[in-house]
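Heads up, there are several structures right after this.
First chain A sits with chain B, and in the next complex the same chain sits with chain C.
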Partner chain A sequence: MALELVDLVKAFPGADAAHPAVDRVSLTIERGSFVSLIGSSGCGKTTTLRMIAGLEFPDRGRILHEGRDVTLVPTSERGMRMMFQDYALFPHMTVGENVAFGLRLRRQRGRHTAGEIDRLVDEQLERVHLPGLRGRKPAELSGGQRQRVALARALITDPEVLLFDEPLGALDAGLRRAMQFELKRLHAELGKTFVYVTHDQHEALAMSDRIAVMHAGRVLQYATPEDIYFTPRTRYVARFVGSANLLDGVLVDADRRVGRVRLPNGSVIEGSAPEDAPAGTRVAAVIRADRIEIRPAGSTDAVRGTVQERLFLGTHDEFLVRLDGLDADVSVHRPTGTGGAISVGDPVGLAWQPENVRVLSE
Partner chain B sequence: MQRPVEYGRQGWLRVSALVVLGFLYVPILTMVVFSFNENPVIGLPLRGPTLDWYRAFIDNEDVLESIVNGAMVAAGCVCLGVGFGLPAAIALDRHEFPGKAFFRRVVLLPIVLPGVITGVALLNFLVLVSIPLSLWTIVLGVGTALICITVTEVFARLQQLGRSQEEAAENLGATPAEVFFRVTLPNISTALWGSALITYAIAFDELAVTYLLTGRDNTLPMALWSMLRREATPEINAIATTVFAASAVVLVAGLWLSRGRGEQVQS
Partner chain C sequence: MKTTAAARAPGTDLSSAGTDGRALARRRLVLWLAPPMLWFTAFMLVPYAIMFFYSLGSMDYVDFVPGFSPANYVKALTAEPYPDVLLKSTVNGLLTALLSSVVAFPLAMWMAFGLASPRRRALVSILVVLPWWASYLVKVYAWKTILGAEGVLNTALMAIGLVDEPLSVLLYNRFAVVLTLTYIFTPFAVLSIYAQLERIPRSLVEAARNLGATDGEIFRRIILPISVPGVLAGAVITFSLGFGDFVTPSLVGGPDDLMITNLVVNLLGVSMDRPLGSAIGVVVIAFSVLLLMAANAAERRTQVRF
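Right after this comes the complex of A and B.
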């Protein structure tokens, strides 16, 4: 395994000591994998990344790299390269000088001839699709180009681990997508460990081998994108990753990880649970909008409601349905052009498979 | 849509701008003109252009010596001001230490205090510890007061710069010295040049502290002052014109220098 975080704790001076920025975070990151840390701002993801990089030091806990304890090793000695949100290019140097920076430092002295450095710089610029720009200054580049220069500068020293701090945050949507594909391609090509921080769950789902969802300094769930999406362990994860409906209720019974939830209107929903909680526990039934079937109301429907809103979203229609006897709206996605016509105000019936329902107590 | 105000078209603005500029530069122009006037009394009528006053200036060894003295004092002040101001600015921006907020204010105090007060205080102190007055004591008195120029200029630049470039350099394997000389220093060089120029200019024509702290040697403002007290001849105009021309050259060079580098620094 490449990286191991063991019980990391980090509180910033002046902040509330009872709620550290990073609170007992433990993660194992396999060599060569692409791991994303996601969460809303202030959840501790960037601080965790900066501790891996050696730009911050934890108050407690350890960081192991290939079995070696690097917790207090300075960033310059770690062999990990960080990509900064603002790219952090050196404005007084040309693109070529920026990329060559890591090779021209004292620790590299004598390892490369000037000609070799030239060749390596060209090679890296080619790799990030910026050939011929080595004479430019960063100020003359677009945001996407600066991003690529920063990437080339990081890659030229052949690090084992690459760390990304919301690197695509400043790019527009189209460029963002192009860079996502680019990073995926680079990851596959280089076989290096990527640790990637983002607040964009779609980006994390699309790119990662594993995702750690963080909230209030803690890792709530660390799993594959599929697991995070389909079997969230907590309500926060369910809500943060994709559009899930949360219906609050009380657990009737739970057996072998199948729970039954009674909603305030009396109807009972069955679903899978991460653990068997005692009956009477306050829980939520979680159902993804795209796993709910919607149809005009009929006598056989177990769950009924009224359409409050209909939004046309291109690939699908989104319906907001107010459930009968409940003070809760449920969002339903239906692929465009399927099923009968449903308009605002229509009574409808909702149906879903029990395996698409999660029963979560946390 | 509302049209943007075109300030250039507003007559009163142009007039007031011209009045202010005139107030600043007409006296200087007068001084330049009278420095070539043959009439030994400063005033009209103008009589045939002459370089006599410039010749008198070049032959006046006291004045020449005072210029050299002043230049040396100013250079010493720049060394002191930049040499202590740069580390102080870095400490204020990059490090936490006890009494930091207090230090930030205290470092600005000398420029707020009237020079006479600083001068009297230093004079008392120097007499007390029996340090003989000389050009060095001027450097000590004026230079320490001007440290705050470099501190404020460089501190502002460092704040604006942020940490990520330095972190990136360190992350790429740079030692602290490499980070400083290859990343930090190039980014703040214009602020350093700027504070050096301002420090030099202020130190060169400082009078109050200098008057109190000097020994036998004079600087230019003191030499001019004592000449004026005896008799105002057009030679003073010639000296002042020369200093003005030299300052203008330095100023233009400084602006040109900082603009050239400023383009590189903006990202």
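Right after this comes the complex of A and C.
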């Protein structure tokens, strides 16, 4: 086990003490795994990462690294490298000097000759595909290049853990994807532990071995991307991760992990429930947009509505459907070029398999 | 089609018809630039030209005689005491700049890194410039009462028995001049160093520490090199003010501590040698322009882009 967070609590001075920025967060991060912390801004993910890095210290709780308690160990002594959102390259140094920074510090004195440092810098720059840029200043580089320099600078001292604070947030979409592949490749190649903070659920799903979804300082669910996506445990997770539709209703009955939900318009939806709650509990039926079938309205349809909006999204069309008798819009994804023509204003019928419905009370 | 071709025939002045965007932009630029150019001409170029004109002439008793002679410049650069005093003023200016920077740096660093909230930073900035709400003369006299034979410092030293009789080395010498100038002009150094340090993102310091740097290494390898342009900017201001000052040397300096401006004041007001005074003025201005150009070049070279 590379990293263990035990009941971390952190409140910032002046903030509401009853709602700390990080509230009893416990996570176990396997050595060599890629773990993402996701959540909207202010959920505590960055503060958690900064406590792992040693840039903030928790009010309570412990951080163990390879079994050693590092809770109050300064960041310079932790053997973890942080990648900052703004890259934090030293603007007065060249790329080469930036990358070599960690090796030229006093703590490293005598370990490497000047020639060795030179060779290591070249090696790292090649690893991140930036050979030949040693003499440039950071201001002369593009965002993607700066990102790579920051990576090379973090990797050169061979840290055991790499921490990423929304490192791709400032890049445009194309570059983001390229860097996602790059980071995946590096992770596989280096076998180091990556802890990655992002608010982009797609990024987290694509890259991680495990994802911790955070909200209001707490971890709501910590599981594999597949589990988070297909079997969210709370409404928040369902909404945040899987462009899921949440239909509020009342539990009619629940038995052996199958729950039936009555919607305000009277229709009843069946789905799997993670726990059996008493009848009458306020719950939500959660259905992901890509698991709903949409077709022109027919007499056999159990759920009907009217198309409010149609968006062409390339690989699929998105329909916003207002359900009959309900004050709720349902989003439906349909692969482009399948099914019949449906336009705004058309009455439609919706259908889904019960196993694709989750009944969540939290 | 034919009429269009005719309308665009060579020689047709489109701008007069108001269709040329560039002409419009030019007119707008002239309107914007005219007031500062007029100001600059009336209050800088014309007076400098008059001064230059005087510097080439000579005096016939109390009457000015226009001429075209470099004699005053030769005198200003070679005849005693002018070159010596010029050098002494330069050294005083440099000492003021150096000491101001040294005193200002820790305060500026505390403001930039020690104060988290923008409101506190603004408050401390106001406190830094607060002494400037008091008259300059009052502050110089204040140092007279601190450093004098019966001043605060000597009284205190005698009271605790460190000295038996008042120290006379405190006042009416170069030490007093440089100390007073440093005290008066340090706020300028604080503000310009702070302005530069404030630009350093917190993440740079955190990244350096995360990479294993000690506090000393962070200061030496990150903060100090990035601060250079701010220190230079502050040094140029404090040097210029210290170099050109004439009140402080005449109040807290000794007879030998007169600076170049004091001599010019004497030449213009007492000896009525306006041509020589003007020549020294031109020399000082030329010297300042060179210095500013050098400092600007150094600032540009050391400035970083984040």
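Everything that follows uses one rule, which is that the second predicted complex is superposed on the first by the 362 of 362 C-alpha atoms of A that agree within 3 Å, B and C clash if a C-alpha of one lies under 4 Å from a C-alpha of the other, contacts with A are read in each partner's own complex, and residues count from 1 in each chain.
The rule we apply is simple: a contact is a pair of C-beta atoms (placed from the backbone, for glycine too) under 8 Å apart; a residue touches a chain by one contact, two chains touch by 3 or more.
Quick caveat, the model's predicted, so the values are computed rather than measured.
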Q: In the superposition on chain A, see if there is space for chain B and chain C together, and answer fit or clash.
A: clash
Q: Report for A:Leu175: first if it touches chain B alone, second if chain C alone, otherwise both or neither.
A: neither
(Q) Looking at A:Leu190 after the superposition, I want to know if it touches chain B, chain C, both of them or none. Which is it: first, second, both, neither? (A) neither
(Q) A:Val9 in the overlay: touching chain B, chain C, both, or neither? Say first, second, both or neither. (A) neither
Q: Please indicate which partner A:Val73 is in contact with in the superposed arrangement: first for chain B, second for chain C, both, or neither.
A: neither
Q: Pick one for A:Thr157: touches chain B only (first), chain C only (second), both, or neither.
A: both
Q) Where on chain A do chain B and chain C both make contact? A) 53-55, 74-76, 80-82, 84-86, 88, 90-92, 101-102, 105-108, 137, 139, 153-154, 157
Q. Within the complex, which stretch of chain A touches chain B?
A. 13, 53-55, 74-77, 80-82, 84-86, 88-92, 101-102, 105-108, 137-139, 153-154, 157
Q) Which residues of chain A touch chain C in the complex? A) 53-55, 74-76, 80-82, 84-86, 88, 90-92, 101-102, 105-108, 137, 139, 153-154, 157
Q: Using the touch definition up top, name the residues of chain C that touch chain A in the complex.
A: 201, 203-204, 206-214, 217, 221-222, 225-226, 302, 304-306
Q. Touching chain A in the complex: which residues of chain B?
A. 96, 162, 164-165, 167-175, 178, 182-183, 186-187, 261, 263-267
